[in-house]
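Note that the chains are named A, B, C and D in the order they appear, and that numbering of residues resets to 1 at the start of each chain.
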Amino acid sequence: MSSFSPNEMMTIAASRALKNEDVCFVGIGAPSAACNVARLTHAPDITLIYESGTIGTAPDVLPLSIGDGELCDTAVTTVSVPEMFRYWLQGGRVTIGFLGAAQLDKFGNINTTVIGDYANPKTRLPGGGGAPEIAISSGEIYITMAQSKRGMVEKIDFFTSFGHGEGGDHRQRLGIDTKGPTLLITDLAIWKPDEITKEFTVVLLHPGVTREQVQESCGWTVKFAEEMDTTPAPTERELKTLRDLQARTKAAHEGAGEGKAAYR
Amino acid sequence: MVKFLPLQKAVAENLRDGDTVAFEGFTHLIPTAAAHEAIRQGFRGLTLIRMTPDLIYDQMIGMGMAKKIVFSYVGNPGVGLLRRARDAIENGWPNTIEVEEHSHAGMANAYEAGASGLPCAIFRGYRGAELAKVNPNIKSIACPFTGEILAAVPSVRPDVTFIHAQKADKKGNVLVEGIIGIQKEAVLAAKRAVVTVEEVVSDFDDLHPNLTILPHWTITAISVVPGGSHPSYAHGYYARDNAAYLEWDEIAADRERFCAWMQENVIEASPDDFAARVAGLRNAA
Amino acid sequence: MVKFLPLQKAVAENLRDGDTVAFEGFTHLIPTAAAHEAIRQGFRGLTLIRMTPDLIYDQMIGMGMAKKIVFSYVGNPGVGLLRRARDAIENGWPNTIEVEEHSHAGMANAYEAGASGLPCAIFRGYRGAELAKVNPNIKSIACPFTGEILAAVPSVRPDVTFIHAQKADKKGNVLVEGIIGIQKEAVLAAKRAVVTVEEVVSDFDDLHPNLTILPHWTITAISVVPGGSHPSYAHGYYARDNAAYLEWDEIAADRERFCAWMQENVIEASPDDFAARVAGLRNAA
Amino acid sequence: MSSFSPNEMMTIAASRALKNEDVCFVGIGAPSAACNVARLTHAPDITLIYESGTIGTAPDVLPLSIGDGELCDTAVTTVSVPEMFRYWLQGGRVTIGFLGAAQLDKFGNINTTVIGDYANPKTRLPGGGGAPEIAISSGEIYITMAQSKRGMVEKIDFFTSFGHGEGGDHRQRLGIDTKGPTLLITDLAIWKPDEITKEFTVVLLHPGVTREQVQESCGWTVKFAEEMDTTPAPTERELKTLRDLQARTKAAHEGAGEGKAAYR
């Protein structure tokens, strides 16, 4: 077994959660890597959708943006952005929405909008993009992020997209009939919401990770499942697939302009 | 009637101080050359609409042209934040700007409603999301059949929309292909539409009947600007200059470096410079 | 998961007495073979939805299968009236049927809303038109921004939609091209979707990226029925049998002649007969 | 000058009303013939739209239906039916909507739905199709029909599509901001709405037609303009264009199946 980084473990653990039959709405970054590792290993027929309108893509390198040319080149079909959000997302065709987060709380609510006050932000983040409706129209939501006290907080500064709100049946009370966040994959552990309270609970620790490490890098008091197991370490195939993908990606993103932006 | 014009003239004839304007392109086919021409002509007080206001709006905001931005994702896609937009929103440099923020679904539906001649769009959106509390242009209606509460947003109707497209034919019909994004809707929603294209071909007779074509009578002016989308890309012509997006993060981080870069690469440049910028990216397309 | 099935089985597995069903096709690609198979299997109490219920609904109504029709143009396009539908509406033969009538805009928006997962559609429609007075499913809402009164109709959500398409690939992705009509929306709005195709090809790798493709996971069953759209046509395969549309006007004018024609050409026929019917029309395509 | 039929005069007179710059939403039958004669004579660049989604068509033969293959083969682009009604018609892109009628009243209101009572019709007609929204969203409406007392009536049985309602500013009172019917071309005359009352008024009589003939074949008391002129007779070119088009059309519609429907 090769050694592996926490980020590699996170991406590979996330990839394992995806099934061959899933129709997955893919966010950029860690979600994109995980989805493509799944496609290149155990889920060759998974349908990956990017919000740029590409349906059923199979990129050889990870896109830098959600609209890189290769997504279209390899897609089953490419539709307009209004159609993407109306027929495919709102139409209930997406089984898994895969999101990252700048700030996350224990109920899976996500902030990617602002740090600080909305009207006078300390940091203006990019905003929600597709996330507010991915969060309510996808069958369920997987979240992936590297743990940090800044990122995993007791109270997020802004509800960009709704998870389980205050927990319990808060989604149903707002008329949202999809499952919401059902899985959180970090660089240290795998979390699932408690069946009743919907609070994220650690169910698997990645190899070599301790409870203390998980708590130290999380801004809320962590709940651990009574029976906790260890995430199987990445297999050689998984690691090789991820590393090859990342190497191809790095070469491609630096490549075309010889690593230099083309201005005079 | 559509007119084929040099870009300088197409921009001068169609954009005015105080206009509500969309330079659209969802990652692909971003009308950079048109935006740079608008920067050179120094318009002020613009309301800038775009789903993904990336580098070109960062540049226009940094140059003090924007009164307001209407958007759903104000980031450098795949890279991070937009530092000039942040500086304006957080610090009021070079001027304060109003912000009207939606989700992608909200903006896409608003453009679609604009193209459809409707005053508003309805969709299942924003449930539990806080944007609905800070944006008074997000309202709701009840379905008259089921009672379900749906989100409503006003349609987007720009004074003028700029897009970049692969080609026009001699009559002025325009083809957009690949990731078609929101361009058709942005053109049809607008009072005036200016299109930069990679090239002009004699006719579209050999094209598949179901492609995205904007008939000539939906377009106000067409300008031929090869490479006009750089550092974005034109499917079938040249690849995305990802290095430029990464580099922008550094350029835009510093006000002085930003100003110097704009002076050299925009103010002292011309639409003719775009062809050379994509020369090295054509093989990768 | 999509299944490739003989048409007899695809219809038997997906259509039930009492279902709300759409056999869609806007003049082009009408799923005649599937409708004839449904007639042979003798379903009853169907709610038949279609923008333009032409020959196949005239036939299904005449055979007593319909409880209700939902439509926007109940004519033989370019020829005149639909005589079996008239006989049912005017005289209750062979049974009375309920009528829910919309405009094309109303139906198109209702399908679009169904595909979009919405409970209703809004549009600028029916002003001064009397349909709004006789159809309780036409209501109105006020735009929350401008106060403009817009028409509202419930979305169409069939239990099952049947369409005919040019081709499927081996995975079960389906291509519709030419006059694409309302087929994509009719499939995506339905709980189940059955597609008859002219042929199956190994893959769609050489297709333009922006064509109308229904991914395999949106389809329940695919049946290969060459000629399955006759007397309608399949763009690229065979031409419209205009003579058959003209002839239908005579056949349907008389109850006995209608019954005899149905017995000979539908009840005693099979999906395999369609290929021969279009043999003479292939050169004209 | 060749002799010509009243129907030929009607079609040719209608074709002359169309301009090269027009974007015309074409109904089947007489409107389709008139629009294509215009395209083949004085308005080569006219944009013809059929509700099947074909934009900018130039058919060599007249389609039997609104969705014949040649409309797509010769179109600038072919879009979906929802897009046709949303972006192109409702979006205000159509300058002229060209309609026929089963019943017409003097204010340009049209019935193609039922003769008799809606719930218990004497004759169930095909219905409105695209007409209800063509009538309100097109810049203006041209109507063409052969005159008859059955067709041109004092009171239509059903308002399929709205013309000028009860006349005057009735359209504006209903929130309709397009012009509505501005021209009626029959086999006997050309009519325009009175500026104030909006009642159709005969402004031109076709060659050889008398006021009495117009009145005898019309179910309401006809108003004639004070200064009335004669419609210029069809030119040789117009007649030849129309007749060639109709001959090609007849051959094509009978042709493929050797004039016989292909059943066993």
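In the analysis below, a residue touches a chain if its C-beta (ideal position, glycine included) is under 8 Å from a C-beta of that chain, and two chains touch if they have at least 3 such contacts.
What you see is a predicted model, and the numbers here were worked out from it, not measured in a lab.
**Student:** Need the graph distance between chain B and chain D over the touch network, please.
**Tutor:** Minimum step count, chain B to chain D: 1.
**Student:** Between chain pairs A-C and A-B, which one is joined by a greater number of C-beta pairs in contact?
**Tutor:** A-B
**Student:** Suppose each chain is reduced to the average of its Cα coordinates; what separation in Å results between chain A and chain C?
**Tutor:** 40
**Student:** State, to the nearest whole Å, the distance from the C-alpha centre of chain C to the C-alpha centre of chain D.
**Tutor:** Distance between chain centres, rounded to whole Å: 27 Å.
**Student:** State, to the nearest whole Å, the distance from the C-alpha centre of chain A to the C-alpha centre of chain D.
**Tutor:** 56
**Student:** Can you list the chain B residues in contact with two or more other chains?
**Tutor:** Chain B, residues with two or more chain partners: 112, 116-118, 123-124, 148, 178, 180, 184-185, 209-212.
**Student:** Send over the residues of chain D in touch with two or more other chains.
**Tutor:** Residues 72, 78-79, 86, 90, 137 of chain D each touch two or more of the other chains.
**Student:** Please categorise the chain-chain contact pattern as a line, ring, star, complete graph or other.
**Tutor:** Other.
**Student:** What are all the touching pairs of chains?
**Tutor:** Once each pair is checked, the touching ones are A-B, A-C, B-C, B-D, C-D.
**Student:** Where on chain A is chain C touching in the complex?
**Tutor:** 21, 23, 45, 47, 55-56, 72-73, 75-79, 86-87, 90-93, 137
**Student:** Going by the contact rule at the top, pick out the chain C residues touching chain A in the complex.
**Tutor:** 1, 112, 115-118, 171, 173, 184-185, 188, 204, 209-213, 215, 217-218
**Student:** Within the complex, which stretch of chain C touches chain D?
**Tutor:** For chain C paired with chain D, touching residues are 26-28, 51-52, 71-75, 77-82, 85-86, 89-90, 101, 103-105, 108-109, 111-112, 123-131, 134, 148-149, 178-182, 184-185, 212, 230-231, 233, 235, 239-248, 264-265, 269, 273, 276-281, 284-285.
**Student:** In their complex, what parts of chain D are in touch with chain C?
**Tutor:** 28-29, 51-54, 63-69, 71-72, 78-82, 84-86, 89-90, 113, 118-119, 121-133, 135-137, 158-162, 165, 170-171, 174-176, 252-264
**Student:** Which of the residues in chain B come into contact with chain C in the complex?
**Tutor:** Chain B reaches chain C through residues 116-120, 122-124, 137, 139-141, 143-146, 148, 150, 152, 154, 177-178, 180, 208-212.
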